[in-house]
Every structure is written in C-alpha cells, then in structure tokens.
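Here come two complexes built around chain A, the first alongside chain B, the second alongside chain C.
And then the complex of A and B:
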C-alpha cells in the first residue's frame, strides 16, 4: 500500500501522544500529590478514613453502589458577599453604614439584622465591592468578613459545600466517582446525614424514609433474630409495620455497620485554596432570613 | 454407493474451509454470552418497575447485575463476535484460510472460560468500583491467555493473505485489535496490579473506557464495515482518503476524550477532552460520508442480506453514538446531560449497537458468502428486526430519561424521589427495548447453534461415509 508506513506512523504517534498525555502525565502531576492544608485554619487534609469506614468502602464497591450514586459535587461559580459577625457598640451608626453600602435594605430589617448576627449584608457582588463595603462597615465599629459561597444546583441540594477536587480522593482506592445519578450524590452524605440509625433503617427499607424510592432494600446486610436473643441495643428502631413482626428484631450485620461508617466518612466541607468556602460562623442571615447552606435534611437522602 | 459419495461431497463442502471451527467457536460463544448479558440487562431494567425484584439475593442486586451486564456484554459478547468476524474476513482472503485453526478454537474456548469466571466473580461481588474497567483480576489472566493465542492465529492469517497490499479495513482491524489489548493492559496494570493514587485512577479508567470503546471499538466496527461492505454490495469502498482521515482523526483526537467536563481533576484534562471531542467530528463526518458514498445506489442490496441489515443498523448506531458523545461535551448541554442516563444510552448505541452489530454483520456476511446460511436467513431477518427495534426503543428511551433527569436535577426544588419520578416512565419504556434486544440475541444464538449443528452433523457424516465406504479392490489386493 502506498503511504502505508505513514499511516502507521500517524497511528503510533497519535496513540503514544494520547497515552502520554492522558495516562502518564496525569500520573506525574497527580501521582505524587500529598495532603494539603485547609484555609484559613491550616488543618491537614484529607485525613485517612477510619478502619471501619475502609471496610465499608469495600462493601460499597462490592454491592455496586457506585452504579446509582456519584461521588462528585459540581459547582457553577461562587457568590462573593459580606457578612457582619460583630456589630460593635454603635448600632445606629452601623445601620446607617449598612444602608449606605446596601441601599436595597429597609431600615427596620437592617435594625433586626444587626441584633441577630451573623448578618449577610451583601451577596453576589464583586470582590472589589465587597472589600470597599467591608472598610465602610469596619469604620462604623463592626467586624465584617468577606464571604465566598460556591453556587450550583448540587450545593443548593446540600450535597456539599463546594465542588469536589482531586485531593478529596487522595486516600481512596478505588475512587468511585460514578457515572449516573439514579439517586443523589453521596460525596458529602456524611455531613448531610450523620445519623447512623437513619442510614441503617434506609438500608433495611428505603421506603420508610423515602417513599417512592427505587433503591432496593439490602436486607441481607441484616439479621432477623428472635427478640431477647443477642444484644437488643443493636436492634434497629423500625416504625410499626416495617419490621419482621412481633417477637423479632432486626440487627445490622458487620457489613451494614461498616457501610454506614463509610457513608458517614464521606464529606465535602473543607475549605481549600483551590475551592475556598468562607461562610459566616453559624450560617449567615439576611435580616433574619436564613441564607447559605442548609443543615442536614435527613428526609432527603 | 452413489448416496455415500453424495454425502461425502456435501460434507467436504461443509468441511472445506478450515476457518469454520475457529470462527464459529468465537461467534457462538460470544452469542451465548450476549444472550446472558442481555438477560442481565433486562433484569436490571425490571428493577425499575419494582425495586424489591430479586433484591433479597445478593448475587442479583441491581449494582452487580448492571455491572455484569455491561462487562459481560462487552468482553464476553461484543469482543468475541467482533474477533470472530475479523478472523472470518482475514481467512476469506488468506491462501489457506485461518492459520492454526486448532489454536484459534482453543483461544476462543479459553476466552469464553474467562467470561464465565468474570460473570461469576462480578455476581459474587468482585466489582472493581470503576465505571469503565470492571473485570475481576483472575478473569483478566484467562482473557490474556485467550487473546495471546488469538493473536498468533490472527497474525498467521494476516501473513498468509493473498493480496499483499493493505486496504483501509486492514489498518482499522490491525490497529483496533492491538489498541484494544494495549488499553486493557494499561487499565489492568495501573488500576489493579500497581494502582495509581487518588483521582488518577478515574483518569486512567476514563482513558481506558474511551480508548477501548470509542477508539478500538470504532476502528474494529468501521474495519468490519469497510471489509464486508464491498462483499455485500458488490461496490468498492468509496474513498481511501476519507478512510485515512477517519483513521488518523480517531487516533489523534478521539483517544483524548476520556475525561468528562466536570470531573474533579485538573482543569486542563476536561478542557483537552472537550476540544478533542469537538475535533472528533472530523473523523466521524468522514466515516459517515464514506459510508454514504460507498453504499450509494446499492442500498437495496443491503436489504437483501441479513449482513446488509446489520451493517445498516450498526451505521445508524454509530451516528447516534457520535452525536451523543458530542452533546455530552458541548458547553451548557454538558451540565444537563452529564451523570445522567444519557451516557448509558450512548454506550448502548456505541458498544452493542455499532461495534456489536458490525460484528454480527461480519459473521453473517462470512456465513452468507460461504453459502452456509441457507435455511437460516429468516431467523437472521427476525434477529435484525428485534435488534433494530430493541436498540431504537432502548437507546431513545434512556436518552430521553437522561434529558428529563438532567433537567430535573438542576431544579433544587425537586426532591430526589421527584427527580426519579420524572425519569421512571422512560426507564420503564427502556425495559421494552431490553426485552426486544434480548429476544434478538436469543435468535442469534439459535441461528449460530443451528449452523454449528449442521456443520458438526456434516463432519460426522463425512467421517462416517469415509469409514464405511467399501474398500476398493486395488487397496484390498495390496
């Protein structure tokens, strides 16, 4: 064939380039990645999962949970804002200063906000505007922090405080990102649903907490024992009609406990240099209205 | 006496080609596992009608069944059927047919044993945790042995070809076979033997998946099309230059497309993958144009042969999968479609629809070309109808589910169950597609089993005729 050697030279070069660029170079870039420090408090991150959670990761893998649940929070931007964390002593002057930097507020709501701290004064402004407003408010005796709030449907659903980044998976093997969200993302399920009993009951029968869910019950991860046999403290507290019947209790097997420990260890809350999250302590309120991240919502797994 | 000679002559025509055993060993086993994989896919789909269906059996829980259907469907079904068609095509143009036929048959049996191990392993919980690479470690060693034996017979047959010059089908098939092995070896070593750290695992897995299905798969699928299309239509391939453009474009661009846009990896990786996917339009368009011009006015000939049917459906699936991949990387649309049922729909179109049916077309073209499909054309047609209907219903329903799901996930006011509710109708419709598809694979098994049985009976009769033939007077005197 004329030019056959050229065709195979192209093939070799193309495939070698792809292998180098998509396999070898990412390994060079990420393979030596080490722990990082959170900002601003400088904690080491990520910390290796506890032993039981590592066992639970094996259960998660073995049951194929990753076929229905992703573990990657997506983000579409950030909202920069300003929150007052300490109002100082001269509230009258502070209210005037707030009305100067944020004229959209009504005086009565601002007066309520400065007595119910933290108070989110600005949200969705440029960093320069937030900086200028911070100076004005601090001149009035208040302490104000510039807030950085990641945005996107995933954050609004409470799946994480920020998007997932490479370092989040540093100690995981395998890394189970998932490719379809049949159910919710689980990257931050540990901070969303920290309750062990809730998670165990959900594994026993997902219909109890989420009627209409298509998640299968994982009953083989539990043992049904006659009441009074074994440790009753381990038994699940199931609602009327959801258990195996009178005289019987449901006790989680070690696999179920390990799986729940793994789920509890999944968190996307650390603020990092590449994905900063700065929220006023205790969550910001805009003149008494809750803003920022919602707390855990166990009714929405 | 006359009767015996007739039988012997008939059997010789059956036995004549040495590639019957190797090709049928690979193809029939692949068809059997395809049927098993499709059944597992059907079971997984039925679970969306009632989550309690078979939920108390850990071996048949959704996660395991879904992974088993995907992995067995690719490694156990699509790959061996394609390798059978490749072997058949090479053997057709080789001086002595398939080289080392006994070795080729042994390689097929070893490969199918690997599939059995993989299936059992996955169902008992030996999942890898990766979306692309899902084979248990022990099955990989068996597959590797089977592939090594296959490669010997592949290269031997390649060496024995009558026409020394190489055509587009040759480049596509050789590169496809070798690149499939290389990408699998890379994934196995870097994910299982010496695993890389952290999220690099996901990068390697994504690279493997794109290269095994989109690059090697497309090379093999198009190679079979370019190889068998002239046989079926009687017209040569329209343009070698377009084929070169497709070939080079697939290797240079599409091999970089493994990382999805929002993956938690350094930003340059998704950016490169998106640019490469957009550039991938060049080889995809070139392949589409080459097909269109090659078929030209001979389209009616595709309708006359089962092979032609499958070639046509495979090409439609190729176009659908290419559009699906492009949509997944388009800025804006990616936010809706990523992490939804769109991706399984695209994979179904690409792997089973395009690559798999190109393999089926190759097997039927090989059988038809050798006159071995007599009596089985009707079944082939029905298989074609079922495959086409199953593919269309399944892929379209899953794609619609993906769009509905993606839009719903973007509305934080909707609860998780409400989001699921918006996709359920489509998911349940896709069960119809799964059912039709599975019935198609059943017919494929029946068809190949029938051909194999006839071949065995022919061989037996031939042998029987020889051993019971009267001894000639001259031989008796000696």
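And then the complex of A and C:
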C-alpha cells in the first residue's frame, strides 16, 4: 500500500492521543486519591461504609438501581455571604454597622434579624467583600461567619449540600454513577431520607410515599407472613389498603435491610477542600436565607 | 491502467471541466492552524483549572478554591482541641474539667492550667508524679505521658481548649510552643514532679 507507513503512524498517533487523554491522564490526575480531611473540622473522609451497607451496595447493583438513579450531584455556582452567629451586646451599634455594609436592608428587618440568629446579612458577594464586612461587624461586637453556599438545581431540589467529587466514591467499586435520572439522584439520599421505615415502605410500594412514581415495587425483597407466625417485630407499618390484607404482615428480607443500610450511608454533606461548604451553625434558618435574597443582592458571583 | 485511454473515453464537453491539480498548502495557513490549535489547548487547560485534581466545576482554578476555604480561626482550634481532650484526657479529668476525686485533679480553675505555657505543656508530654497542690487541695497521683503520642497540633489544640473552656481564660498555646518544649526536653523519660514544674517559667 502506498503511504502505508504514514497511515499507520497517523492512526497510532490518534489512538495514542486518545489513550493518553482518556486513560493515562485521568489516572495520573485522580488515580492516587486517598482519604482526605474535611475543612475546617479536620475529620477523616470518607469513612468506609458499614458492613451491611457494603452488602446493600451489591443489592443495589444486582437490582439495577443505577439504571434509573444517578449518584452524582452537580453544582452550578457558589454564593459567598456573611452570617451573624452572635450579636454581641451592643445591638444599636450592630444595626448601624449592618446598615453600613448592606445599605439595601430596611432598618426594621435588620432589627428583627439581630434578635433571630443566625442572620444572613450578605449573600452572593465576593470573598473579599465578605471579609471586609466581617471585620466591620466584628468591630461592632458581633461574631460573623463567612458562608459558602453551593448553588444549582440539584441543591434546590435538596439532592445534596454540594456537588459530588471523586473522593466521595473512594470506597465504591464499581462506582455506580448512573447515567439517567428517571428517578431522583441518590448521592445524598442518606441525609435527605434518614428514616429506615420510609425507605422500606418505598421499596415495598413506591406509590405509598410518591404517588405517580415510575419506580417498580420490589416486593420480592420482602416476605409476606401470616400474622403471629415467627418473629415479626420489624414488620412494615403499611397504610390502610396498601398491605396484603388483614392477618398478614410484611417483613423485610435481609436484602431489603442491606439495601436500605446502603441508601442510608449515601451522603454528600462533608465540606472538603475541593468543595467548601460553610453554613451558619443552626442550619441557616430559611427565614434568614430568603431575607438575604430579598435584599436584592446579586445571587450569582 | 492507461491514463490516456481513460481521458479519451470522456465525452467532449467534459474535457473542459476543472480538475484537481497539485497546489502547495501555503505555509502561513499551516502556521496559523498550529497556533490556533496551541491556543485552543491553552484555553482548554486554563478553563479546566489546569487539570488540577482539586479543581472541579464550577471553580476555575486552585486560587478560586483557596479563596473560598473556610477560615480555620480560633473556633476551629477549640473544636479540634475539644475532640482531642474528650478522647484522650476526659476519662480522668472529666468532660466538664472538674477532675475525679482519687483519680485526677480538676482542670477548671487549676493554677497549672492557667499558669505559664511551658509548665502546662510539660505535664502531658512526660507525665507527672508525686504530691501536687491544685486549688488548695493536695493530690498524690501518677499521670502517664498521655500527650507524648499526640501531634504537636493536636496537643496544642487540647491545651488551648482546657485553657479556655469551663470559665478558664488564658492565652492559647500554639503548636510551635509545643515543638519548642519538645526540643528543650528531648531525651527525658521521667515524669515531672511539682517542684520541677514550679521552676519552669
């Protein structure tokens, strides 16, 4: 073949480039991830899943949950703000200081805010602005914390506190990221729905808690027994008409328990270097947050 | 194949159709494309945080992520110190710092906790033995070197915590101070006695 060596060389170059880009470099970049520490608490992260949850991961895998549920929270942006956590003693001076750093606030609202802590004074400002405002408020005797709040549709849905990063999956093999969101993302389901009974009932019949859900029931993960036969202390508390009828109880099989333990172990709440999250202690009351947005501060950096 | 033979078979009117000839690609175009490809690569890298494993969307670079790091101020040190204290010290000295009769003297309001930093740092590093006077009461106990295995940061955090918790108000202790005392007392294996500690300022 004429020019065969050229064809070979160019094909080799193409394959080598894509191998470098999609295999070798990601390996160099993330292949040596190890446990890390949360910021600023310095706790070890991620902690390995408990044994039952590890079994549950295999149930999750074999039931094919990943075909309809992703495990990957996305984040569009971040809002830096300032929240007062302790008002100090001189409230009059503090109100003046707040009006100085955030002139768009109404005086009455500020006066209400300083007595209902934590109080989100600024939201969606630059870190430098927040730092400067923090100094001014601390000069007035208050304690203020610079908040870092991840933003995005997934956060609004409550699917996670922040985006997922590589280290979240450190103990998962295989990583079941999923590709289609037929159902909600499950990366943070453990913190969203910590209730074991809720999850078990949802597996028995998704229509009970989520009417109209497309999820199929997983009844074969449960055992239906005549009432009074054998141990049934962990029988599901099903609403009227949803169970197998009077005289029968629904008891979760070990697979269902393991699956629920796995779901409960799924969390995306830790604040890491890659994705810092700082919310005022006490959860940043909804009132404080909505007021912060009403203050007409730009909510996107 | 004979080239002349094929051209002879073409109809008359197609003889005048344009044909591909040999034209050299101009050098400036090659250079321009190379420069564009290079710029594209740089642009890609630049907007991907230079492929740093610590940079994820929506952050553009490590500098941006660094700027957003929570300030690990005094609060963080106290929190860490509390964790260290409650796992290492609180078994004897109590979560409330009140000590336990017959086991350990109180830390809340203790002269040794609130006294010179060098004196306090030495106690967990090597332990303490013999009679000691704390808050007007004499204790005669042996404390093992509980802090010897802790990192300087952890020990400093725990000591800062006991100096500022339960109504105590004393200057914080830094990891550098702990390191300095460690260097000063390197090689010591015996626990301290109250007399020796009194001599430290």
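The rule is simple: the second predicted complex is superposed on the first by the 284 of 301 C-alpha atoms of A that agree within 3 Å, B and C clash if a C-alpha of one lies under 4 Å from a C-alpha of the other, contacts with A are read in each partner's own complex, and residues count from 1 in each chain.
Rule of thumb we're sticking to: a residue touches a chain if its C-beta (ideal position, glycine included) is under 8 Å from a C-beta of that chain, and two chains touch if they have at least 3 such contacts.
What you see is a predicted model, and the numbers here were worked out from it, not measured in a lab.
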First (chain B), second (chain C), both or neither touched by A:19: first
Touching partner for A:273 - first (chain B), second (chain C), both, neither: second
First (chain B), second (chain C), both or neither touched by A:68: first
First, second, both or neither for A:39, with chain B first and chain C second: second
Which superposed partner A:47 touches (first chain B, second chain C, both, neither): neither
Contacts of A:30 with chain B and chain C, given as first, second, both or neither: both
First (chain B), second (chain C), both or neither touched by A:80: second
If touched residues of chain A are counted for chain B and for chain C, the larger one: B
Partner chain in contact with A:163 - chain B first, chain C second, else both or neither: both
Chain B versus chain C as contact partner of A:153, first or second or both or neither: first
Chain C-contacting residues of chain A that also contact chain B: 29-30, 33, 76, 163, 165-166
Residue ranges of chain B in contact with chain A within the complex: 47-48, 51-52, 55-58, 61-64, 66-67, 125-131, 165-167, 170-171, 175, 179, 182, 186, 190-191, 195-204, 206-207, 211, 244, 247-248, 251-252, 255-256, 258-259, 262-266, 269, 272, 335, 338-341, 343-344, 405, 409-412, 415-417, 420-421, 424
Chain C - residues contacting chain A, complex: 51, 53-59, 65, 67-72, 76, 79-80
Complex interface listing, chain A residues touching chain B: 1, 4, 7-8, 10-11, 13-15, 17-19, 21-23, 26-27, 29-31, 33, 60-68, 70, 72, 74, 76, 153, 156-157, 163-184, 206, 210-220, 300-301
Chain A residues within the chain C interface of the complex: 25, 29-30, 33, 39-42, 75-78, 80, 127, 146, 148, 163, 165-166, 271, 273-276, 278
